[in-house]
């Protein structure tokens, strides 16, 4: 199913949704966007329901502007991403549709 | 089963527990929380029984505030996390319930 | 199928193509090329159709000149890579041909 | 089988041994210990027989004090770890016992 | 099959060869060797036939002296490693022999 990416812009919350395709999203990298020349850190956070958000990474302009992640989300996970700080964070990874889950189902048919 | 995250705050020990769901927890990232403006390092450590704790990562404010991890815990692992230093460390990852373990059990039924 | 690598040079867009072999490309590392002595950041971006490109990583001369990635592309993914900045970015990884997909096909024959 | 960790202290060599449990050890992170305030690098090395040791990572106090690894060791691997430098390096990861190897053995019984 | 490591010294090219054992080599880490006190970067490159070499990583003395890699090589891959710069780069990882490939062959016997 291939490449997946979004730009998480400041001041907005981005719910994860998988376009009605069952499968697993692998989020594997976060990279600071262009914009403000401030040296202020940008933090990517993940929201699950009404719990306190969890910080997924903290990127520092001109020092560490990218970092690997290794997160997996199911199609029915109710999560959302947002940024603390003045710049966007680009998330990238790949989506694997659920045919793999059916490997042994072949025996049933 | 999707996203998992906790904030490990200074001065407290957080035992891992899996809410009675059998499965495997993948802890894949550690990120410094907000707080003290001190430049002091924050170290995440893992406690197993009465052994000396093992350092899992060391985060440096304004230098390296996030790092990938690749740890796996079973539901019955008796471990606990704590922080040395003035700030929280956010841990994130994902939990995979044990249906995968039952792949070949289908043959028994 | 082994090693895969390309040099993504500034000012050009590099479509991914898999030489008519079905399989999966794993892109696992990005490294800054030689060239300009400028301290300007170089950003690797991925283009999918007419959507805004997604930043895959941001490399900083003399600070962070390499970073791990973990991207997977299918043979029929229509993506392209380009660089923002004065230097090349070398991408490396490995290609796995599709024989693995046929593991359970043995039962059909 | 869960969490695994050791503290590799300067001036000592630590052979890997798996407590007579067949399986695979995944060593996934190295983190600098506390101690000397010197800025001197600490290098983790792996010894195999009488060959020259191989450097596994190099940690820099106050700059890069932790790094991911991705090493796998079998129960019968004859390796040992040591440190060059004034501080300990904590290694962490997880051990997977060999039941996985027996997946298809179920057919024999 | 366990641990694998080589020291890639400046001024020499190191072809990969697998000692006639069929399998897959996972190269997972690169670490700067000791030596020259110069601050000059050291670049690890991979040669495939007569193509231009691809940079696999770039290590900076006293800044970033180690980095994770995630490369896989087959026994019959014709690749070679070399270094640009004054110091060695130590490569480490592990080799997995091809018994895994034969998992489903058990059905044939």
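Letters are used for the chains, namely A, B, C, D and E, taken in the order the chains are written, and counting of residues starts over at 1 for each.
Just so we're on the same page, a residue touches a chain if its C-beta (ideal position, glycine included) is under 8 Å from a C-beta of that chain, and two chains touch if they have at least 3 such contacts.
Not measured: the values here are computed from a predicted model.
> Check every other chain and keep only those touching both chain A and chain D; list them.
A chain counts here if it touches both chain A and chain D, which gives B.
> For the two copies chain B and chain C, what rotation in degrees overlays their C-alpha atoms? Round to the nearest 5.
145
> When the C-alpha atoms of chain A and chain B are each averaged to a single point, how far apart are the two points in Å?
19
> Where the CA atoms of chain C average out and where those of chain D average out, how many Å apart are those spots?
Comparing mean C-alpha positions, chain D is 30 Å from chain C.
> Can you list the residues of chain E that touch 2 or more other chains?
Counting only residues that touch two or more other chains, chain E contributes 63-64, 67-68, 70.
> Going round the ring from chain A and on to chain C first, in what order do the chains come?
The chains follow each other as A, C, E, D, B, starting at chain A and passing chain C next.
> In their complex, what parts of chain A are in touch with chain C?
1-3, 5-7, 26, 28-29, 31-34, 62-68, 70, 90-94, 96, 103, 106
> If you look only at chain B, which of its residues touch chain D in the complex?
Its residues touching chain D are 41, 43, 46, 48, 52, 54-60, 63-64, 67-74, 77, 79, 104, 107.
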